[in-house]
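The chains carry the letters A, B, C, D, E and F, assigned in the order they are written, with residues numbered from 1 in each.
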Amino acid sequence: MKMIQAIIRPERFENIKKALEEHNYIAMTMMEVKGRGEQKGVQLQYRGKKMEVDMLPKVKIELVVKDTDVDPIIAIIRTAGRTGKIGDGKIFIIPVERVARVRTDEVWT
Amino acid sequence: MVLNAGDTAWILAATALVMLMTPGVGFFYGGLVRRKNVIAMIALSFIVFAVISVMWVLFGYTLAFGPDIGGFIGGLSFLGLSGVGLEPSGTSTIPSLLFMVFQLVFATVTVAILTSVFAERVKVSSFIIFAILWATIVYCPLAHWVWGGGWSAQMGALDFAGGTVVHISSGFSALALTLIVGKRIGFGKDTMEPGNIPMSLLGAAMLWFGWFGFNAGSALAANGLAANAFVVTNTAAAAGAIAWMCASWYHGRPSSLGVVSGAIAGLVAITPASGYVDAMAAIVIGAVAGLLCYSMMLLRIRKGIDESLDCWSIHGMGGVWGAIATGIFATAAVNGYTGLLAGNVNQFTIQVIATVASIAYAFVMTLVIAKIVDATLGLRVREEEEYVGLDISQHGEHV
Amino acid sequence: MVLNAGDTAWILAATALVMLMTPGVGFFYGGLVRRKNVIAMIALSFIVFAVISVMWVLFGYTLAFGPDIGGFIGGLSFLGLSGVGLEPSGTSTIPSLLFMVFQLVFATVTVAILTSVFAERVKVSSFIIFAILWATIVYCPLAHWVWGGGWSAQMGALDFAGGTVVHISSGFSALALTLIVGKRIGFGKDTMEPGNIPMSLLGAAMLWFGWFGFNAGSALAANGLAANAFVVTNTAAAAGAIAWMCASWYHGRPSSLGVVSGAIAGLVAITPASGYVDAMAAIVIGAVAGLLCYSMMLLRIRKGIDESLDCWSIHGMGGVWGAIATGIFATAAVNGYTGLLAGNVNQFTIQVIATVASIAYAFVMTLVIAKIVDATLGLRVREEEEYVGLDISQHGEHV
Amino acid sequence: MVLNAGDTAWILAATALVMLMTPGVGFFYGGLVRRKNVIAMIALSFIVFAVISVMWVLFGYTLAFGPDIGGFIGGLSFLGLSGVGLEPSGTSTIPSLLFMVFQLVFATVTVAILTSVFAERVKVSSFIIFAILWATIVYCPLAHWVWGGGWSAQMGALDFAGGTVVHISSGFSALALTLIVGKRIGFGKDTMEPGNIPMSLLGAAMLWFGWFGFNAGSALAANGLAANAFVVTNTAAAAGAIAWMCASWYHGRPSSLGVVSGAIAGLVAITPASGYVDAMAAIVIGAVAGLLCYSMMLLRIRKGIDESLDCWSIHGMGGVWGAIATGIFATAAVNGYTGLLAGNVNQFTIQVIATVASIAYAFVMTLVIAKIVDATLGLRVREEEEYVGLDISQHGEHV
Amino acid sequence: MKMIQAIIRPERFENIKKALEEHNYIAMTMMEVKGRGEQKGVQLQYRGKKMEVDMLPKVKIELVVKDTDVDPIIAIIRTAGRTGKIGDGKIFIIPVERVARVRTDEVWT
Amino acid sequence: MKMIQAIIRPERFENIKKALEEHNYIAMTMMEVKGRGEQKGVQLQYRGKKMEVDMLPKVKIELVVKDTDVDPIIAIIRTAGRTGKIGDGKIFIIPVERVARVRTDEVWT
């Protein structure tokens, strides 16, 4: 199993959620975060001097999925979340060794 | 006339109540925008309050209430409040200064209502310039027409607490502004959910509370007419809330924002009528307002118009309905005036004329002012700033 | 009598103040529930305000204040406010319409207080039906008994601003409702911490502020009696806050919610007494209220009763203590009436009778109404909806 | 004199308005501290309100307004409000009890303002003791000097609504307290950003709203003087907001906190002057206050003084400017008194003397009281508690 | 070391925290998140049509522990957090390569 | 690539951010969390009995970086975030298998 962590634009969250849903990727966890990319966030001209505006509101979604689902999900997030402008976000793939359900005694890897 | 302490006591309190409506609009609107623009939205209301307060004592009051010039605008006798004293003047029983400041808080809240269409995308600097121009060129003449002895008053149009002056003017100006300001980036594509609904509910509570000063204070005395205005105000608000709630329930669920939007619709509609109709009429006026404004909101969304916080559908259309309704339901029992239901077709016609004239004037003049400000200073923030949000880009703050 | 502008000015302002208490209850309660039910909790107060406002002008007012029928209820003379005019009537010095709306805001806040026991688990539709029935069948008769010339007034019971009508009635009705509504899922097992304490503090500030209108407005005039009511109201609130704070400090830490709960306990207890006692008595009344309501809250929790937001322990028991205390501390110096301390055993007995009767009537009738609504429409949301929270399941909104 | 219902109506309403300022300070300050101290900060204002309310009716009022003893303090005639009745006394037209409670809410808000310097680091128990001592030893004498017939009044110093009593006293006491209380851990090194700006804006709205009661209520009547105070209050606030906004814009961006801080600076400065100056002077007074307090805030930060929420720079220095400005701009047209601009050097000198005396008295006595409380009970919480935050460590609550 | 990420019912958080404490698992980090499981969250009947309610409030706890502690902790969370109804939550086990303390220069794996 | 998860004092966040920036580590995500360490958070004396105060507000920062950047970044966070008192925080290093950008089709490991 892998955990897909995607940091996306808050405005695009509903879009992405719906796109994932259509492809039957339902389970997910989301949280509100703040972030900035390599571009140092957005730069605002301010009275002559540049001012860096960093740590903008973002949404982070986490999906734990089978290894084979990683590539399709990345594609879906890209399609639904892309605006082509800086700040569209990043996706990180992290190994998950085991998954356990609280409600039952199921465990799987 | 001589000063009456009771009347003065009520108008002092009423002015304080109406004052609270300006930040009330700020909190109501602030809860409706995305989280990155909450502070900026509230800040606009405070800035409006400060700027228009000074503008009003300097020259706004005299433009609206100075000696009539051609039925259109007031003369400059009261420039810088010269001649506006501690004593009552004319048939008034309250200090002239108190009347002045009661009018001041009306002007500020009107401009605050208008901030709907600037939400999440307009430079605060350009907005300030626009606000001063708009208050001078649109608000002052309209106030003069209705309350300052202008042509509308001379014609006999009834507008107890500002249906045309406050609500039609701000609502249709907002509509005009959509043509110049344009949509927010991502409007119609991205989700733009209210960022803080409890804050909007708080703002609505402040508005409902303050509106008692607005309407019942417009009696300018602590008397039966004020009591009647108080009662019909509350009744119309309640009926509007129920109507909108039921309509939205029919389409899905009864949202809390629907309840308070309906209340505001009812409050808007009863505003011009509150000195002329009774409580049973208020139920009808409020309920119709709730249904009408709800469908106007749906229409606006269907049309893809980004009049973001529904100043037009609620204040504009609610104001139109209220002005017309005054001409329908006015009853002699309250204040001596009658409307269509009592067979007075003339009053009804006058109301329609006043309404149409206000719409036309506000719409056209706003278009001109906005065009000029946009061409010279530019209204919109830059794209990155809009993306970042106005809290950071305009005010350097964040929640 | 002839209209007095000063009295009218104060009651106009007081009515606005009391109006603010209904959303005040909403924010106070809203901060106490879990985050998934905040909007629903606040929304209830707005819905109550809208629905009861219309109900009151249509038929509530006449049931409470119409011509006495057998000491129990008012006749239908004022149906749809017919005959309730802009002029004062009887010995009153304020417009009849103003008295009507002053009473209206009392009715709405009483129903709002009662929402405590519906928190986080009741369908909004069933609640609305229940609220209308309860206001009609429980509130209107109680208001008639005390203020409308009913048997309680005839007997000479003292209840200046509504200890029995508002607080005992809502408090013991809430207790009765626990029997029908039942506990929240997980009550006693899961943690159910307040979701937003600052919001509760804001609600408490609105309540304390509005309560000046509630008690001092009940003088129905701007006079020394109003001033006395204002002073004892504030004093009892302060004493209640200090008492509860000290008691909770003794058990651990002085929570901010304890401070404001104590203030509300003091405000409740002084309500019936505020026109009859002086400030020194108010300190005792408030302090005892703080301690009593605090221990009643602990008792309720120990007993595992899910009267979720402590309407019973604070309003019910605070109201009982206030009604009794009026019979103890009433002093001729304030308003001509005396209590036990001045040797008037009779007054004390009358207060006890009025209290017991109110408790019994409110408890039993509420049980009947709730049973009927539950059997026909069902009071509880479904289990999944309760799990999801009422914000989403009832209103389609979320914070 | 005989009771006037209109005057009484206004002072009842005004007292309620001023009451709201105490929680208003709580919310304003609460939004400025870090999230772990929000509840504690708001709680302080409620605790102050409760404790000082009881203290005032027991012995505070008589110390301030009892029969003059040597120009310094009031005698004990009104201990426990004995002799403070439902009727007006002397030349007053409102009930004595009403005057008492109007003064009460002034005392509470003054202590609340002072909590600035206790923010995020002081034990609530020690604060309560300090507050009672400070109100007794600093506030009551100062109130007596100015309004109770003390030496300052005898000398002819003008202080309409409490520039010296309320603002200079709290501001310079806060400055003195920095010497005893010390800096927060990490001050100057760690970031200490405002935790909830919208909450501060709400508090500011409550303050601006309540301030109308504060200043216009200080006329103690519903008359032209009250109207003038209302107008100049609003005008100075607006001018202050604009001035601070522009100044902070010049240095960067116009923050929303800057706008409301400027408004408060303007409100502070106009407080002593509001019964003596006209609206044009109010623009100057407010604008200068905005600029002055802004630079004083910058100075304080530069000096590394942790007077955390700027009670000194805004209330202290704004109060000084207001007291002096009264001596400059007082105009006979408003209230018969004149200032420097009208050639009355004497009044100006008197104002300076009153100001200096208030500063010296407040500063020195506060130092003494704080030293004693610190030496006996200890003012600061322990280091771990400060790290954890006062919400949990003092109140056992969290947002 | 492993990082145990458990997504649980907010109402059960105190319970779970106490249970972990009793077994001497003290250190943890928690955050408020929103989530939905494979069941597409809870389904609400609404006027005939079904409505999916997703993204309900959840609590996420993270514990970084020795490999041998993983199983006991899963068991504790299950016991303390289970209600047997949908929404009880999931537990993910993620490898942690290194742990460093900020206060000291300690590092361990 | 590794994900560095650092749980730090909120008051130190600006400091740490600036220090990272100076060494040209710009990209990051942050979120507000609550936590307690092995010391069971801070212990407060309370009327004789001890009371444990746990779950204090913390800031969590996440940086996904090249393997060689891990050590320098740990050093920077330590220097900028250390006060020497309990509660300074912990740093966890988690393997990241892949990183994808939403805006473009780039993927790297």
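Rule of thumb we're sticking to: a residue touches a chain if its C-beta (ideal position, glycine included) is under 8 Å from a C-beta of that chain, and two chains touch if they have at least 3 such contacts.
Just so we're clear, the structure is a prediction, and the values are computed from it rather than from any experiment.
Note on connectivity: the fewest chain-to-chain touch steps from chain B to chain F number 2. Just to note, of D-F and A-F, the chains joined by more C-beta pairs in contact are A-F.
Taking shared numbers over all numbers used, the chain C to chain D interface scores under half, which places it in the different class.
Chain geometry summary: the mean Cα position of chain B and that of chain D are 34 Å apart. Here the spacing of chain A and chain D, counted between their Cα centres, is 50 Å. Counting partner chains per residue, chain E has residues 31, 85, 87, 94-95 touching two or more of them.
Shared interface positions of chain B, defined as residues touching 2 or more other chains, are 4-7, 9-10, 13, 196, 202, 222, 252-253.
Chain contact summary for the complex, chain D toward chain C: residues 3-10, 12-13, 15-16, 19-20, 23, 26-27, 30, 38-40, 42-43, 46-47, 49-51, 53-54, 57, 80-81, 85-87, 94-95, 97-98, 100-101, 104, 124, 196, 199, 202, 206, 222, 394-399.
The touching residues of chain B, counted against chain A in their complex, run 34-36, 186, 189-192, 382, 384-385, 387-389, 392-393.
Looking at the complex, you find that chain D touches chain B at residues 4-7, 9-10, 13-14, 17, 194, 196-198, 201-202, 204-205, 208-209, 212-213, 216, 221-228, 230-231, 234-235, 237-239, 241-242, 245, 252-257, 259-260, 262-263, 278-280, 283, 334. Only residues 2, 6-8, 31-40, 54-55, 58, 60, 70, 74, 77-78, 81-95 of chain E touch chain A when the two sit together in their complex. By the touch criterion stated above, chain F contacts chain D in their complex at residues 9-15, 41-45, 53, 56-57, 85, 87.
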